[in-house]
Amino acid sequence: MNALERARACAARMFEKDAASQAMGIKIEIPAAGRATASMRVRDDMVNGFDICHGGLVFALADTAFAFACNAYDNLTVAGGGDIEFLRPARRGDRLFAEAREVHRGRRRGNYAVSVYNQDRQLIALFNGRSVSRDESMLDNG
Amino acid sequence: MNALERARACAARMFEKDAASQAMGIKIEIPAAGRATASMRVRDDMVNGFDICHGGLVFALADTAFAFACNAYDNLTVAGGGDIEFLRPARRGDRLFAEAREVHRGRRRGNYAVSVYNQDRQLIALFNGRSVSRDESMLDNG
Amino acid sequence: MNALERARACAARMFEKDAASQAMGIKIEIPAAGRATASMRVRDDMVNGFDICHGGLVFALADTAFAFACNAYDNLTVAGGGDIEFLRPARRGDRLFAEAREVHRGRRRGNYAVSVYNQDRQLIALFNGRSVSRDESMLDNG
Amino acid sequence: MNALERARACAARMFEKDAASQAMGIKIEIPAAGRATASMRVRDDMVNGFDICHGGLVFALADTAFAFACNAYDNLTVAGGGDIEFLRPARRGDRLFAEAREVHRGRRRGNYAVSVYNQDRQLIALFNGRSVSRDESMLDNG
């Protein structure tokens, strides 16, 4: 397997068990190892009391892209934390795209930047995630 | 109305339209103006590919507590951003409690600290939210 | 040594070699293990182009309080990162007090909240620090 | 004046009064509007009790690059806050380079990413700054 094939194998393995991302209707694409795009439509059950997409779900989309980007290396990696900045509301019916890219990857800690856009390519949110790796294979553990 | 009654009136008004928080099964309590507790059970459709609660949903719970804490003053307030630190995984079936408290409130910007616990009072996550107010009444706008 | 004595011994050991904190004129007090107060006067060479204290030096003060709070246990601990929110400018001649307290301490990672006040007890900045411990004694290494 | 000339005029105006950055020995370059590089040598009076550059001074360097990047438009802009991640210690004598670039600029709020490198182009720290503009000219005021 080359790097991209391995990244995609990890993503497929993760996604098939990821009930939460599936329930949110999230779709994943892996354009390269260390990158991931997660997309989601803002459904009626995703808006808050101000009739805009619940910020927690915008975060969840960004966090999902981050999780798939940092798990490209068959080395089980979890989110240690992250910071989000909300720039513009997402509306009911909008299609959101969270694009994650690796900024730095050390032996155990990594940093990933995620930009969330709507269907008009307007920037909705910026997220920076901090990952922690566990030195454990994902593909070998069925 | 005193401060607590107003805070609860704002919370009731927000919650009745908050389809997203309702869909996540979140319950809100307002113990004081500037404070809020949001609780949620980790359902089967909330776990990720590692069989732990999706971090985005832990964030969504914390963010909800934050939103209800900062909207106590009948002055429409939205999240500008926030930072979360994941300390311990939440498991399927866990009941989570996000407790938000006001740390600082200026004329337009505010800061809120949220601790997320599980049913055994173990700390799951720490969240710090940044709010922005809009000088607009919530209760006068039906 | 009890916990407070050990915390103060660690602080004394750290401070005597801390040329940077000394050069900034920072003073340290350890009221309890896991807590620290760092204070500093805003000197003429600490203001920026807007004639207010350089934000980096406000951060440096908060970061110093954090470093002394998290090194209370004779277990060498460094800053992994942190987030600061600037709430109010500090002026030339102000005396600033950064008060750090432990929010959470796990086996290796810890979280500390720091509030920075001026001499009128106005809140200048809020800082949240993330620490990483190295399982290495400080007092045994002269 | 074109955009780059204006950015450089703002930077020159800011720097001449910036006693703090001058005292740290920081040098500024403006390669383009919305970008800035701040560089500094880690002096003997900049190391902490672990004999590495005080994290607060690494932050101060990054924050300086950020301040000069976001003040390119003759619209007085201050730091609202920021998050730093320390990746590798900087040593006594190292020459550090903080490179700031604009990620997003709205009407009042902006976001800037800063990478701090040492002389060997090793990544020392990542910083993300949040700016707030004040609708006030810098060049027209004295």
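Note that the chains take the letters A, B, C and D in the order they are written out, and that residue 1 is the start of every chain.
Here, contacts are C-beta pairs under 8 Å (C-beta built on N, C-alpha and C of every residue); 3 or more make two chains touch, one makes a residue touch a chain.
All values derive from a computational prediction rather than experimental measurement.
Visitor: Just grab the chain with the largest centre-to-centre distance to subunit D, centres being mean Cα coordinates.
Guide: So the chain farthest away from subunit D turns out to be B.
Visitor: Determine which of the two chain pairs, B-D or C-D, is joined by the larger number of C-beta pairs in contact.
Guide: Top pair by contacting C-beta pairs is C-D.
Visitor: So, what's the distance in Å between the C-alpha centres of subunit D and subunit A?
Guide: Here subunit A and subunit D have centroids separated by 29 Å.
Visitor: Counting in whole Å, what is the centre-to-centre distance of subunit C and subunit D, each centre being its mean C-alpha position?
Guide: Between these chains, centre-to-centre, one finds 22 Å.
Visitor: For subunit B and subunit D, let me know how many angstrom lie between their CA-based centres, rounded off.
Guide: 34
Visitor: Give me the residues of subunit C that touch two or more other chains.
Guide: If we look for residues of subunit C contacting two or more partner chains, we find 80-81, 83, 85, 109, 130.
Visitor: What residues on subunit D touch subunit A, complex-wise?
Guide: Residues in contact with subunit A: 83, 85, 87, 103-104, 106, 109, 111, 113, 123, 126, 128, 130.
Visitor: Can you list the residues on subunit A that touch subunit B in the complex?
Guide: 13-23, 44-51, 53-57, 59-64, 67, 76, 78-86
Visitor: Going by the contact rule at the top, pick out the subunit A residues touching subunit C in the complex.
Guide: Counting only subunit A, the residues touching subunit C are 80-81, 83, 109, 130.
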